[in-house]
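Note that the chains take the letters A, B and C in the order they are written out, and that residue 1 is the start of every chain.
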Amino acid sequence: MSMRTRLAPALADTHLDGETKVTDRSAAPEGTGSIKVSGVGYGYPGVRTGQRVIDDLEFSVRPGEFVCIVGPSGCGKTTLLKLLSGLIAPEAGSILVNDEAVSGPPENLGFVFQDHGRALLPWRNAVRNVEFSLEAARVPRRRRKDMARDALRRVHLPDVENLYPAQMSGGMQQRLQIARALAATPSVLLMDEPFAALDALTRFALEDALLEVWQELGLTVVFVTHDLDEAIYLADRVIVLRRGPAHVVREVRVDLERPRDQGRTRAEKDFVALRYELFETIRTL
Amino acid sequence: MSRTASGLTAAIRSSLLGLVGVAGLTAVWAGAVAGGLIDGVPSPAEVFPALTDQLQASELWRATGHTLGMTAAATAIATVVAVLLGTAVGMSAAMDRLLGSTINTLRFVPPVALIPVVLLLMGFGPGSEIAVGAFAALWPVLLNVASATSDLRHRFEDMTKIERLNPVRKLVTVYVPGALPATITGVRLAAALALILVVAIEMLAVPQGLGHQLRFAGDALQLPTMYAYILWTGVVGLLLNTVLLAGERRLRWT
Amino acid sequence: MKHATHVAQRLALPVALVGLWQLAVNAGWVNTVFVPPPADVLEAGYDGFTENGLLQATASTTGRALLGLAIAAAVAIPAGLLFAISELVDSLTSPVREFFRSLPTVTVIPALMVVVGPGDSLTLLAVAFGAVWPVLLGTMLGVRQTDQTLLDVAKVHRLSAWDSVFRVRLPAALPQIMTGLRISLAIALVIALVVEMMSGHGGLGSLVVEARSRFRNADVFAIVAVIGVVGLALNALMVRVERRSQRARVV
């Protein structure tokens, strides 16, 4: 295991075991939501062996934990998410999601893509886009519409049912993607820089909406970002990857009080200290 | 409100100018013939009465029906074949390798070149018209469907895997609806090409339809009648295009 | 290894089709009077090039198509520029243009034949008439879609109206003009063939009609194959020119 944070003892283990979370049982996901990555290596086809993008990668995520992964660009963050979701298979090591070895995309897994253009179907309106995921999961027709509306409500998109993606702003489209990923009640949600293309204010609103549903549903979230502030604001734990080949250089616990607040949390002394700490870590990579 | 109003004024102005243009061209045409500037062209004063005569005769309507029927049949057959082939090529890289290069060779064969061969095989009847028209109409639909499907395959590759879609579901929920607009555009272009080829083969070989009537009048040196048929064929082409364009706009999502 | 399999996959269908053709002839599924065996077609093609003037006909058809295209471009590019720049001229000519564009070009061939008589000028006129539209459309589209930033740059540099047309708008429209030319070339070849078929005035078109009327079916198939190759080759040429014109602007 890599180094644990040597940060202020004031940030010690206090909560994290779900006391602060209000778990909504009606939408309780199946599967435990745990992730375990051990000894994973991967190299893109055609690249010389020994030139791996990822090598000897090792970490795990507890059920219900919110983990952010940061690292310099091109360090294999997106590749890591593709491995976790079974879109690609590792050359070495093993990946367990929901305590089962991953071979192809597992059930109970949601994925939010950075580019909504590659995820939302432009010929379906908002509610039909959410239903798409439910159809794929073989949810009976009569339950789909209600479940889709629920999911839209959760991400605060109640009045856009009949809008098409092209009629929605970038922020709304990402909300819609999150709603779709949540509709089939996954236990694990993987997010690939979902807010990278949004302006700061929209991004703040989406971060808060995401934290809200995470706390309500008790899911496990793995969130890739290149934005250190975003990582600290959202996460229980931040994992720092370095490049060539990617491996974990640092894990930092974030014990900032929840629910977090964009103004207050970001101004806290501990937030600023963590940010400085992470920045120095990445700069020296 | 005022913006749509000014847009309307602009549209009216533009159509009025268009009418002026048509009138101007007709006047130039009449003047050139009257002044003896061109030989072998009847004046508008002869052509327009010939057109009204023909419009009251059943021959013109029968010929129009025949040509449009052949065009529709050719377009329909081409569309079915092209959608099947185009989806196959767009969906799978293996099918693309198998069919792609052959398609890319055949589509540059000028369709009129096939007329002699088709006449040999199918004779001087409607079958030949449909075959040649369908050959020309195949390519716009095929290319549009194949490229749209292949774009969709790449664009939604990860998403469809995450949603665990099987190939049939992928076809029904992603490829077919996603490629629909491109398909419809392809059909519009295809119908225009089919009409051209049907008229061409009627002029060259098959003694039926607008092409034949036009050629027949020309060979009999009934120039006003021939010009009436040329004008009429242009009107039919324009109407076909307009109708299909309107249909395309209606069927589009968003 | 993988490359070899891919090449084999690409060749599989054409080889299978020719095989099917030979098989159909051998098994008597088709009447060899109408469908000659592949070997006969090959032989007819060889004889055509060595003895029967196929090469000359190919050159003459290709030459007419290209010359007609050149005439079309010489008319269409200035006209397209004018229509794109002047809203008045555009509105005046729009219905007339739409009409002639929808009119199947083949229909004007008999009319032209009466005016100019059969011969090279007939072919060139008809080809130019058919080929003019895609270039015209491409020019209009290209000039109209000139990037506003480029036009602002022209303004900042105080280019005269004339200079901004010839130094900015027309060069910016080049890719679309080239695309129009590529589409027009296919039409030019078709019209050249049709005129030749109708007027019997030399070229591949009249050669194929003549072969058919004499029931020399192997010749018909061979000439049609040559026409296909000409279509393919001309398109490949235009694609090259088009790419070059587009590469020049990705600075």
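The definition used in the following text is that contacts are C-beta pairs under 8 Å (C-beta built on N, C-alpha and C of every residue); 3 or more make two chains touch, one makes a residue touch a chain.
Given the structure is predicted, the values throughout are model-derived calculations rather than measurements.
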Most centrally placed chain, judged by C-alpha centres: B
Identity of the chain that, by mean CA position, is farthest from chain C: A
Separation of chain B from chain C, taking each centre as the mean of its C-alpha atoms, in whole Å: 17
Where chain A and chain C are represented by their mean Cα positions, the distance between them in whole Å: 54
Distance from chain B to chain A - Cα centre to Cα centre, in angstrom: 51
Chain C partner contacts - residues on chain B that touch it in the complex: 13-15, 17-22, 24-25, 38-41, 94, 97-102, 105-106, 108-117, 119-121, 192, 195-196, 199-200, 203-204, 211, 214-215, 218-219, 221, 223, 226-227, 229-230, 233-235, 237-238, 240-241
Chain C - residues contacting chain B, complex: 6, 9-14, 17, 34-35, 88, 91-96, 98-100, 102-111, 113-115, 186, 189-190, 193-194, 197-198, 205, 208-209, 211-212, 217, 220-221, 223-224, 227-228, 231-232, 235
Residues of chain B defined as touching chain A within the complex: 155-156, 158-159, 161-165, 169, 173-174, 177-178, 180, 253-254
Residues of chain A that touch chain B when the two form their complex: 82, 85-87, 104-105, 107, 109-111, 113, 117-119, 121-123, 132-133, 135-137, 164, 166-167
